[in-house]
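Each of the next two complexes has subunit A plus one more chain, namely subunit B in the first and subunit C in the second.
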Partner chain A sequence: MSTQIRLRNCAKTFADGTRALAPFDLTIEGGETIVLLGPSGCGKTTILRMIAGLEFPDAGGVISFDGDDVTRQSIEKRRVGMVFQSYALFPNMTVAENVAYGLKVHGVPSAERDARVDAMLEMMHIDMLADRRIDQLSGGQRQRVALARAIAVQPRVLLLDEPLTALDAKLRVRLRTEINALLRKLGITAVYVTHDQEEAMALGDRIVVMQKGEIAQIGTPREIYRKPQNPFVADFVGAANRMTGQMRDGRLHIGAHVFDAVDAFDPRHGAILDQGAVELYFRADGLSPCDLDEAHFTGRVEAVSYLGERLRLTVSGIGSQAVTIDTHADDVIEAGADVHCRVNADRLTVFPAVTAQS
Partner chain B sequence: MSSVEHIKEGRSRPSFPWAFPSSLFGRATPGAGSPAILALLMLPGLIIVAAFFILPMALVAMRVADGPDGLATYFVILTNDRYLASLIQTLVMSGGVTVTALVLCGICGLFLVRNRFAGRNVITALLTLPLSFPGTVVGFMVIMLAGRQGVIGSISDALWGEKIVFAYEITGLFVGYLYFSIPRVILAVMASAEKLDPQLEEAARSLGAPTWRVVKDVILPGLMPGLVSSGAICFATAMGAFGTAFTLATDIDVLPMVIYTEFTRNANIAVAAALSIALGAMTWAVLAAVRVFVGNGATSGTGGGA
Partner chain C sequence: MRRDWKFYSQLGLTIVLCLFIVVPVVMSALAGVTVNVFKGLSSGLTLRWVFEVWDLYAQSILLSLGIAMACLVVTLVAGVPLAYVLVRRPSRMMRLFEELLTLPVAIPGLALALALLITYGGVSGYRSSWLFILTGHVLFTLPFMVRSVAAVMAAMDMKMLEEGAASLGAGFWRRFFGVIVPNAKPGILAGALMVVTLSIGEFNLTWMLHTPLTKTLPVGLADAYASMRLEIGSAYTLIFFVLIMPLLIAMQALADRGKRASRRIDTAEDTL
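Moving on, here comes the complex of A and B:
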C-alpha cells in the first residue's frame, strides 16, 4: 500500500554552477519515516524538493515511486503531501477550506469532501477551528491544519520540511509526538527534514546525515548515535568532546594510560584500526569524575551549569581543548576546582587521525 | 509591524536619530498629554482640507443652487443627452483604462519580481518613467505616436497606403491614460508580489492544482490588495485627467472637458458646478463599490502579511 521511493544517481547542480548535491542513491521503503538531518546548506532540503518534484536531478538521475519513473513528472502529478516550516496555509480561506482544497482540485464531490474534511479535522483535534481564518490561529494550530491539508488527499508520500522549527520548545516536543503517532497510524512513507538531532532521533526509522551535499551516514537512530561513521556525524549528533590517542597492537593509548577492548573500526577502510594516531570523540559520559586513586586525568573546572537531572562541567587541562563532563546533580563543585576523571573507554568513538590519512 | 518588532527586540524607539520619539504617537507611553499633542499635529492637515476641499465644495454647491434652475441643475447630467453620453463615455474609458492597466501590469509586475535577469532594472525604470511626466507631455507623446505625422501613421501609410490616425479621439486618450497609469499600478503590483510566499504556490501545486488554479486561488488573492488600491488611483486619475485630453483635442467629450467648455466658453457656471460635483460623486461611488465588493476578499487576503 505504502509507496517505496528510490533515488538513483541523483545529483543537483544549480544554474550558477554550484553543486548542491553530489550523486547519491537512496531507497526509502514503503511506510518508512526517513529523516534528513544536517546543518543548513547541507542539501537536505534539495533532496526533499527533488522527491516533491520542485527540483529536478541533473541528467542521469532517476526517481521512482513504486517502480514508476517520476523523474520528469511535475509536483502536481506526483501526489505528494507537503508541510512547510512557514505553514504555507492559504490566508484567503478558512481552516476547513484549506483542508478541502486538494479534494476540490481533484474533483471529489462536495458531500464526500465535507465528510473527509471533518474526519481530518477531528483526527488532528482541530474540528472546533473549522470556520476560523488562518490569522486567528496559533503556530501549533496552523501546523496541525497544514498536516490535515497535506494528508487529506491521501498522498503517496508525506514530505515535511522543518515543520516544527518555528514553534517554541515545549510545543515542538508535543507536536513531534503527535506527528510520530500520526505517521505510525497512517503507515505512510514520510521524509522529514530537520537540523535538530533530537527530533531526528525521535521520529526517524532511519536517519540520513548530510554534510556539504553528500550523505555522511545512513542508519537507525541507534546506529547514528552509538556508531557514527565519521567525525562529522559524531560531532553533529552530540559527541563534541575530542582527545587524541594512539592505537598500538589493537590497544588504545591515551597519554600514559592503556585501554583494552576499544571498538576501533575504520569504516573508510572497512578494517579494524589497530595502529596509528587516532582521534577520540565522546559525549559528556566519556569521562566521569572519580576519586584520585582511580583517576586517569586531572583537569580544572572552568564552568558549571546546572541541568536539573545532572551537573555539566566544562573542564580544561585534559586534551588540547576543553571537554564537557556530566556528574550527579547533587555534587557540589565550584568553578576553579580540580576534578579527577576516569575514561569510560566503551563510550569513546575512535577515528584515524586526519593527519595520519594519506 | 516594524514598531511591534522594535518592542519585541526590546528597543522601545526606532534607531533613526531624526525620527519622532514614539511616545509622541501615544503608542509606547500613553501619557495624558499625547492626545492633545496629536490633535495639535493634525491641525495643519485639517486646515488644508478645510481651505482647499470643504470650502470650495460648499461654494460650488452654492453656485448650483443660485443658478437659473436651482437644485434641479444636478439632474441635468441625467436629463441632458450630451452630458449623460459624456458621463458614460468617461466612465467606460476610465474603467477600460483601469482594467487594461491592471491586467498588463499584473503580468509584467509578477514577471519582474519573479525573474532575475540582465536589464531587469532598466526595464523596471523604463516602465515607471511616466510617473514623472505631466499629462500634457503624455498627450504630446500620443500625438507623436498616432497623430497625423505619427509613427504608426507613417508605417501604415508605407505598408497599406493608408494612414492610421487615432491620437485626436477617445482612442488616443485611452492610450495616453493607459501609459500614464502603468507606473502606479506596476509599482503596487511589484510591492504585493514581493510579499507573496512562494511556498503557498508550492503547497497548492503539491495538492494537485494546475497553473490556472494557482493563479486564481493563490496569486490573485495575494495581489488583490495592491490591485485594488492602485486600480482605484488609476480610475480616479483617469476620471479627472484633463491635461492629456486638452493636448489631444478640444472636442473629446470626456466630463472634465465638458466642464471646462461649459465654464470658460459658455459661462454656464451653475451647470459646470453641478457637473463637477457629479463627477466627484460618481468617482467616489465607483471606488466605494469596488471596496465593498473586492475589499473584503482583499483584506482577508493580506491577513497574515501586513
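Moving on, here comes the complex of A and C:
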C-alpha cells in the first residue's frame, strides 16, 4: 500500500560546479519514516528536494516510487505531500481553501472535497479555524494547516522540510509527538529533514546522518545513538567529550589504567580494533564522579550548570580538552573544586586515532 | 496646559505655509465658477464655464479616459508577467533590462516623443491615431507598474508558494493565476492607480505626439489657458481636479492599508 522510494546512484552538482551530494543509494521502505539529519549545508534538503521533484539528480541517477521511474517527472506529477519550514500557505485563501486547493487541482467533486476538508481539519484539531485567514494564525496552527493540506490529497509520500524549526521549544515537542502519531496512523512513507538530533530520534524509524554531501551513517535511532560509526556521527549525536587512549592486545589503556570489555569495532576496516592509538568519544555519562579510592582521574571543575534533574560539570585536566560530566542534582559542587571520577568503559565509543598523514 | 510663544510661532508658520499652497487652489477653483474673474466674486457664481468646457473639450476628456484605460490594460498584461520574471529569475540580463525599462522615466518626455516621431512619424495611419499617444504613455508608465508589482512579489517568497502549489499538483498557469496574482494584488492595484493617474495627467510627451484630432485632457487644458477666457481655463482645471482626486485618494488609502497589515508574532504562550 505505502510507496517504497529508491534512489540509485544519485548525485547532485549545482550549475556553478559545487558538489552538493556525492553519489549515493538509499531505499526507503513503504510506510517507513526516515529522518535526514545533519548540520546545515550537508545536503539533506537536497535529497528531500530530489525525492519531491524540485531538484533533479545528475545524469545516471535514478529515483523510483514502487518501481516506477520518476526521475524526470516534475513535482506536479509525483503526488508528493510537502510541508515546509515557512509553511508556504497561500495568504489569499482561508484555512479551508488552503486545504481544499490540492483537491480542487485534482478535480475532486465539491461535495466530496468539502467532506474531505472537514475530516482533515478535524484530524488536525483545527476545525474551528476553517474560515480564518492565514495571517490570523499562530505558527503552530499554520503548521497544522500545512500538514492537513499536504495529506488531504492522499500523496504517495510525505516530505517534511524542517517543519518545526520556526516554532518555540515547548510547541516543537508537542507538535513532534502529534506528527509521530499522525505518521503511524496514516502508515505513509515519510521523509523528514531536520538538524535536531532529538527530533530525529523521536520520529525516525531510521536516521540517515549526513556530512558534507555524503551519508555518514544509516541506522535506527538506537544504533545511531549507541554505535556511531565515525567520530562525526558520535559528535553530532551528542558524544562530544573526547579522550585519547591506546589499544593493546584488545584491551584499552587510558594513561595507567586498563579496561576490558570495550567494544572496539572499526567499521571502516570491518575489523576488531585491537592495536594502536584510539580516540574515545563519550557523553556526559562516560565518566562519573566517585570517591578518591575508586577514581581513575581527578580533574578540576571549571563550571557548574544546574539542569534540574541533574548537575552538569565542565571539568578540565582529564584529556586534552574540557569534558562534561553529569552528577546528582542534589550534590553541592562549586567551580574551582577538584572532582574524582571513574571511567564507564561501556559508555565509550572507540575510534582509531586520526593519524597525522590522513 | 500653558503654551509658550514657541508653540504659537510654529503654529503660525505652519498656517502661513499651508495657506500659501491652498489659497491658489481655492482661487483657481473659484475662478472656474465666477461670472467674471476680473470683477471678482461680486459678479456672481455660475456653472456656465464648466458646461462650456464640456461642450468644447468633451472629446479630449473622453479620449484621455480611453487612453488611460487602454494604457492600464497594456501595462497589466505586459507588466505583471514582466515583474514576475524579474523577481523569479534574477540575472544580469534581467537587471539590464529593468534599467532599460526605467529609462523613459529618467529622460525628458520631449526626447522620448521626438524619438517616437523620428521612428514612426512616417507611418501615417499610426501617427495620426490615438494609438500613437498610447505608445508613449505605455513606455512612460510601464516601469511604475513593474516596480510596484515587483516590490510586492519580492516580499512574498514566491518560490516557496509556487513549490507548495506545485506539490499539490498545480501546473504553472494555475499557480500563476491562482496563487501568484491574487497575492500580488496590493502591488497590482497600486500600480494600476499610478498608471491611470500618470496617463491622465501626462502632458509633455503627449503634447509632442498629439494631433488636432487626438488632444488629451492636459493638452486641452494648455489650449484652453492659451486661447480662451481665464474662467474657462479655471473651469477646466476644476473638471481635471474632480477626475483625478478620487484616484489619488484611492492610492493613498491603498498605501495605508498596506502599512496596517501587521504580521502576528508567535509567542511562547501560543497554545496550538
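As a working rule, the second predicted complex is superposed on the first by the 355 of 358 C-alpha atoms of A that agree within 3 Å, B and C clash if a C-alpha of one lies under 4 Å from a C-alpha of the other, contacts with A are read in each partner's own complex, and residues count from 1 in each chain.
Just so we're on the same page, a residue touches a chain if its C-beta (ideal position, glycine included) is under 8 Å from a C-beta of that chain, and two chains touch if they have at least 3 such contacts.
All values derive from a computational prediction rather than experimental measurement.
On the superposed subunit A, the positions of subunit B and subunit C overlap enough to count as a clash. Of the two partner chains, neither subunit B nor subunit C is touched by A:G238.
The wider contact with subunit A, measured as residues touched, comes from C rather than the other of subunit B and subunit C.
When the two structures are aligned on the shared chain, A:L167 is found in touch with subunit C, with no touch to subunit B. With both structures placed on the common chain, the touch criterion links A:Q141 to subunit C but leaves subunit B unconnected. In the superposition on chain A, A:G276 makes contact with neither subunit B nor subunit C. By the touch criterion defined above, A:R149 reaches both subunit B and subunit C. When both complexes are overlaid on chain A, the residue A:G81 reaches subunit B and subunit C alike. In the superposition on chain A, A:G255 makes contact with neither subunit B nor subunit C.
Looking at the shared chain after the overlay, A:R133 reaches subunit B, while subunit C stays out of its contact range. In the superposition on chain A, contact is made by A:V105 with both subunit B and subunit C. Shared interface residues of subunit A, touching subunit B in one complex and subunit C in the other, are 52, 54, 74-77, 79-82, 84, 86, 88-92, 101-102, 105-106, 135, 149-150, 153, 159.
Against subunit C, the residues of subunit A that register as touching in their complex are 52, 54, 74-77, 79-82, 84, 86, 88-92, 101-102, 105-106, 125-126, 135-141, 144, 149-150, 153, 159, 166-168, 170-171. Listed in rising order, the residues of subunit A touching subunit B in the complex are 52, 54, 74-77, 79-82, 84, 86, 88-92, 101-102, 105-106, 133-135, 146, 149-150, 153, 155, 159. Considering their complex, residues 156-157, 160-161, 163-171, 174, 178-179, 182-183, 185, 261, 263-264, 266-268, 270-272 of subunit C touch subunit A. Listed in rising order, the residues of subunit B touching subunit A in the complex are 197, 199-200, 202-210, 213, 217-218, 221-222, 297, 300-305.
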